[in-house]
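In what follows, a structure is listed as structure tokens, so that the remarks can point back to it.
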Amino acid sequence: MTQFRARLAGNRAVGEYRHLVLVTSAEIGQVRPGHFATVAVGGRDSGMLLRRAFSIHRVSTKPSTGTAIELVIAAKGPGTQWLASQPEGTLIDVIAPLGRPFSLPKEPVPCVLVAGGYGAAPMIALAEELRSRGCRVDVVLGAATESRLFGVLDLKRIADSITVTTDDGSLGVRGMVSDVLPDVMRRADSAVVYACGPMGMLRAVSEIAARTGAIAQCAVEEAMACGVGVCMTCVLPVVGDDGRTRMVRSCTEGPVFRGDRVRWDAVGTVPADAVGAPRTGGH
Amino acid sequence: MAVDLSTTIGRLTLPAPVLTASGCAAAGRELDPYFDITRIGAITTKSIMLEPRSGRPTPRMAETPSGMLNSIGLQGPGIDAFLEHDLPWLRQRGARAVVSIAGNDVHEFGRLARRLRGVEGVSAIEVNISCPNVANRGLVFACQMGSAAEVMAEVRRYADPTVPLLAKLSPDVTDIVEIAHAVVDAGADGLSMINTMLGMSIDPVTLRPHLGGRTGGLSGPAIRPVAVRAVYQVHAALPHVPIVGMGGIRSGRDALEFIAAGASAVSVGTVIFNDPSSPLRIQQELHDELAARGFTSLRDVIGIAHREG
Amino acid sequence: MAVDLSTTIGRLTLPAPVLTASGCAAAGRELDPYFDITRIGAITTKSIMLEPRSGRPTPRMAETPSGMLNSIGLQGPGIDAFLEHDLPWLRQRGARAVVSIAGNDVHEFGRLARRLRGVEGVSAIEVNISCPNVANRGLVFACQMGSAAEVMAEVRRYADPTVPLLAKLSPDVTDIVEIAHAVVDAGADGLSMINTMLGMSIDPVTLRPHLGGRTGGLSGPAIRPVAVRAVYQVHAALPHVPIVGMGGIRSGRDALEFIAAGASAVSVGTVIFNDPSSPLRIQQELHDELAARGFTSLRDVIGIAHREG
Amino acid sequence: MTQFRARLAGNRAVGEYRHLVLVTSAEIGQVRPGHFATVAVGGRDSGMLLRRAFSIHRVSTKPSTGTAIELVIAAKGPGTQWLASQPEGTLIDVIAPLGRPFSLPKEPVPCVLVAGGYGAAPMIALAEELRSRGCRVDVVLGAATESRLFGVLDLKRIADSITVTTDDGSLGVRGMVSDVLPDVMRRADSAVVYACGPMGMLRAVSEIAARTGAIAQCAVEEAMACGVGVCMTCVLPVVGDDGRTRMVRSCTEGPVFRGDRVRWDAVGTVPADAVGAPRTGGH
């Protein structure tokens, strides 16, 4: 976790997303798949105060140019629109790497990677890492429509199999990743599911994994004000080793959680049995 | 030329005037990678309650123009865990700690003060009587003279008399000077101002309040003019009461506004989320702003906006 | 599909829900080159007093993050000149006028109401009991239930009973619902909220208050969350009292937030300075936001944030 | 007074200033020397809400490209810095022309133009206009230092004489414009003084003009929130035809005022004899 100024060395369209390359000479330490970065947006006099969080897509270091961090961003609201419209050369305030990355299996077990939309951004580096450890890698990518799929070609190259779904059927199977995942897992006998995408998808993936006894590693996306663990905005209910539910920061204890530990049905609430939950008539 | 940045809050002398604001720095540890936390005045820790507390449902934040709303609801581990894990870490690290406390009732505030008696590493106690993020608006003690004074008197009764007490005030009142008088009369050695302002935003998709807690606290540069005004008014009425000024401080210039208005020290809150290294940066910028104007000591500038010409 | 944007404030039906905020549109004429002022709901005119008034010394403004401070001090030509020059122009132009009045004391408010009796072209009267820019803070009638109610009762006594009365409230109070109740009980047909918040900025060069009047009123998007919260709270308590919502509205989405929180109409103030054509733009954007969500009438959306799910 | 989007077609350094060219196809009506323009800064999500005002330096219309409005700006604070750093091609929200321009003499009388720093921006077009009416034109330009002088060469070309002063003596006479103005006016027998610059300079110029019986036309610079006459922030005390002082808007009734009408000593106050001034114990 280093804060540094990076130069925007690349900003190009990939489908509906922008692929950004941020170059720095700062020493940022080891980046692993699942780590994220935050970026300040809008400049010094902007009305937008909060940093935006993005999965780190890829990192490369060249002695000559320094470290290049790549992000894949959807220009949704004003902050991401600002970022997407910056010309190359702009200096950007970045913090990286943040959070806890995906846990990797010690044994070469079959793994399946499931991603929705830009959730595929961290999956390419993850697939490479898993393959280098001798794991079988199957991939399921989904999106609303073809232009919101990311990384299909790269993953095709790396993975043992790839299945694509789109809500509108514009590419691959019409439907959602959860429609095809059970089959893929059955065929590959997957032991670990890595997932990155919207909460609903993560919940479905966790349920499917639970049914087959696979381990789910889910990268969640909770709104974050600070990204570094000081504000407590990014919490969700997670069951600890002691079996008790706590409201846990997804920026420092996540964004990757074990799927069976997250109380998916209770996200957006404080379950009554959580540690420190309001007692009736109390607090 | 070096400017003497040391400052005094009651019996406490701080080597430097910039603090972190409660709730914006946890207990300091997470910020240490971004700047040397021993170099600023102090870390004000997240308001701690007697028991562990899970806070409000998410979403807990909304970005607003030059600010944000939060509805954390005082999530925290409770005083025991705080004293076991957080405070010792700060002490070992060599950082000064202003410990913020919050109770559900007057009695709890007293118990928290008692728990802090004799504990090493407590530079000052900040009494958070002004958090808007609680289920019951009645909990905003700082909105009524009576309840504000009652809490302060209770804390004063049980707290270590050598540790300065800061009362944290809310701007959501008709007359903040009146509240300031009440808490000082009840035993506060200084005032922290301001806490967040009660606000709301509506989600454009659902057309329902965006925050899980419906209302939240507004903070950030958006509220700075209200904060400066509050500090100015209270310093005019109570010139000898030290004030820790806060509300949207983003630069050394902003900090200087608060010092000139009458603050003896300042806290950086929301801007930490934008720039986690900002407290030390702002302290350095404040130093440079003072030096550029030929001042040799921060103390000469406290309240200067009240002097003629 | 076209959305019915008409709305009602007491006896007054407006064809469209966007107004200009008092003090941000003079008496309409200067904005007519930038948009057709007859197409929005109404022009709320600058608060007018009995006598001509020169206002406060300059500087009268300071830019602040996502907002500004002003200390105009109710400069204006007085009611006679207003009735002779300004109101007739608006009437001839075919624009609706909400006439804002401000008095130095309760009695003056009554006299202003009497002067407006029987005058053609007064769609509603807004009673500005909340201007922070006056030499004597005692003038902020809206900060006390008693004085707020007294002014409203006096205006009610003398005003044309067929013309709706709006009371303009200040957010600088401990409990805005209490004030709302008081003015409605005293005869207000509706509420305009919010006026500016008391603020200050310090000049970085002189280290003295930047504004000639030292304090000023904070407005603009910075205060929007406070305004939305105030509208939401008051609508919850007084669901049948029409509210004209304002405070930092910059887009149709912002306007929609206020409508959902409980406003029957909205005013655009400070953002006019950024974009003089904004009132009509915002009205069009609001129309489009409603249409995009499948609403056919603005009225269906008023207060929708209070309904479950 | 038209509000329009203009394309930034030029942005280059001139000494310490930036020379901006804003191009629009909008019909903006007649622009005269002394008119000003306002510009929104920082973009849609900026924390800077207020427009910035600038004298119009020059206007030209070509049927092919439309109207080009040129400004000369000093990058002082955040808004002007933003503007100065915009790349060519940026769309800028402009309102122009605003205010009341310099009054031109009906007879070909000798005129002197006095400007401080970027106050020279409107003076070139004014000098051309006066020369085309047969007036003698003398020019006095002052600045803190050489790099803050603007328009020296252009005015040299147009004017009958030009005198330059700098505070540091880096070009021309060391001193202020008011030091040399009396001499210039004596030599040229000037009937009208046109001035644009800081308040202190305008006051000095007005006093010098009053002593010789010349008419002073002064373009003032008051902080403006709206620029279009609706906010009442930009007022200064001006004596009307009826001899009474009023707090008058400099955006709509100015920025050009007759020097003998402005109560220079009372700028920044509300004189006790102004119409509607607070009475003791009153208001």
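As written, the chains take the letters A, B, C and D, and residue 1 is the first residue of each chain.
By our rule, a contact is a pair of C-beta atoms (placed from the backbone, for glycine too) under 8 Å apart; a residue touches a chain by one contact, two chains touch by 3 or more.
Note that the structure is predicted; figures quoted are calculated from it, not measured.
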* Structure fact -> Chains adjacent to subunit C and to subunit D under the stated definition are A, B
* Is the C-beta contact count larger for A-B or for B-D? -> A-B
* When the centre of a chain is set as the mean of its C-alpha atoms, what distance in Å lies between subunit A and subunit B? -> 34
* Asked: Taking each chain's centre as its mean C-alpha position, how far apart are subunit B and subunit C in Å?
  -> 33
* **subunit B and subunit D, separation of their C-alpha mean positions in angstrom** => 46
* Structure fact -> dist(centroid_CA(subunit A), centroid_CA(subunit C)) in Å evaluates to 46
* Asked: Could you say which residues in subunit D touch two or more other chains, in rising order?
  -> 45, 47-48, 79
* Structure fact -> Where subunit C touches two or more other chains at once, the residues are 65-67, 220-221
* Asked: Can the chain contact pattern be summarised as a line, a ring, a star, a complete graph, or none of these (other)?
  -> complete
* Structure fact -> The subunit C residues in contact with subunit A across the complex are 65-66, 221
* Any idea which subunit D residues touch subunit B in the complex? -> 45, 47
* Structure fact -> Interface with subunit D, subunit C side, in the complex: residues 23-26, 30-31, 33-34, 46, 51-61, 63, 65-68, 70, 72, 75-76, 78, 104, 134-135, 212, 220-221, 270-277
* subunit D to subunit C touching residues, read off their complex -> 1-3, 40, 47-51, 79, 93, 95, 222-223, 225-236, 246-247, 252, 267-270, 274-278, 282-283
* Asked: What residues of subunit D sit close enough to touch subunit A in their complex?
  -> 42-48, 78-79, 82, 87
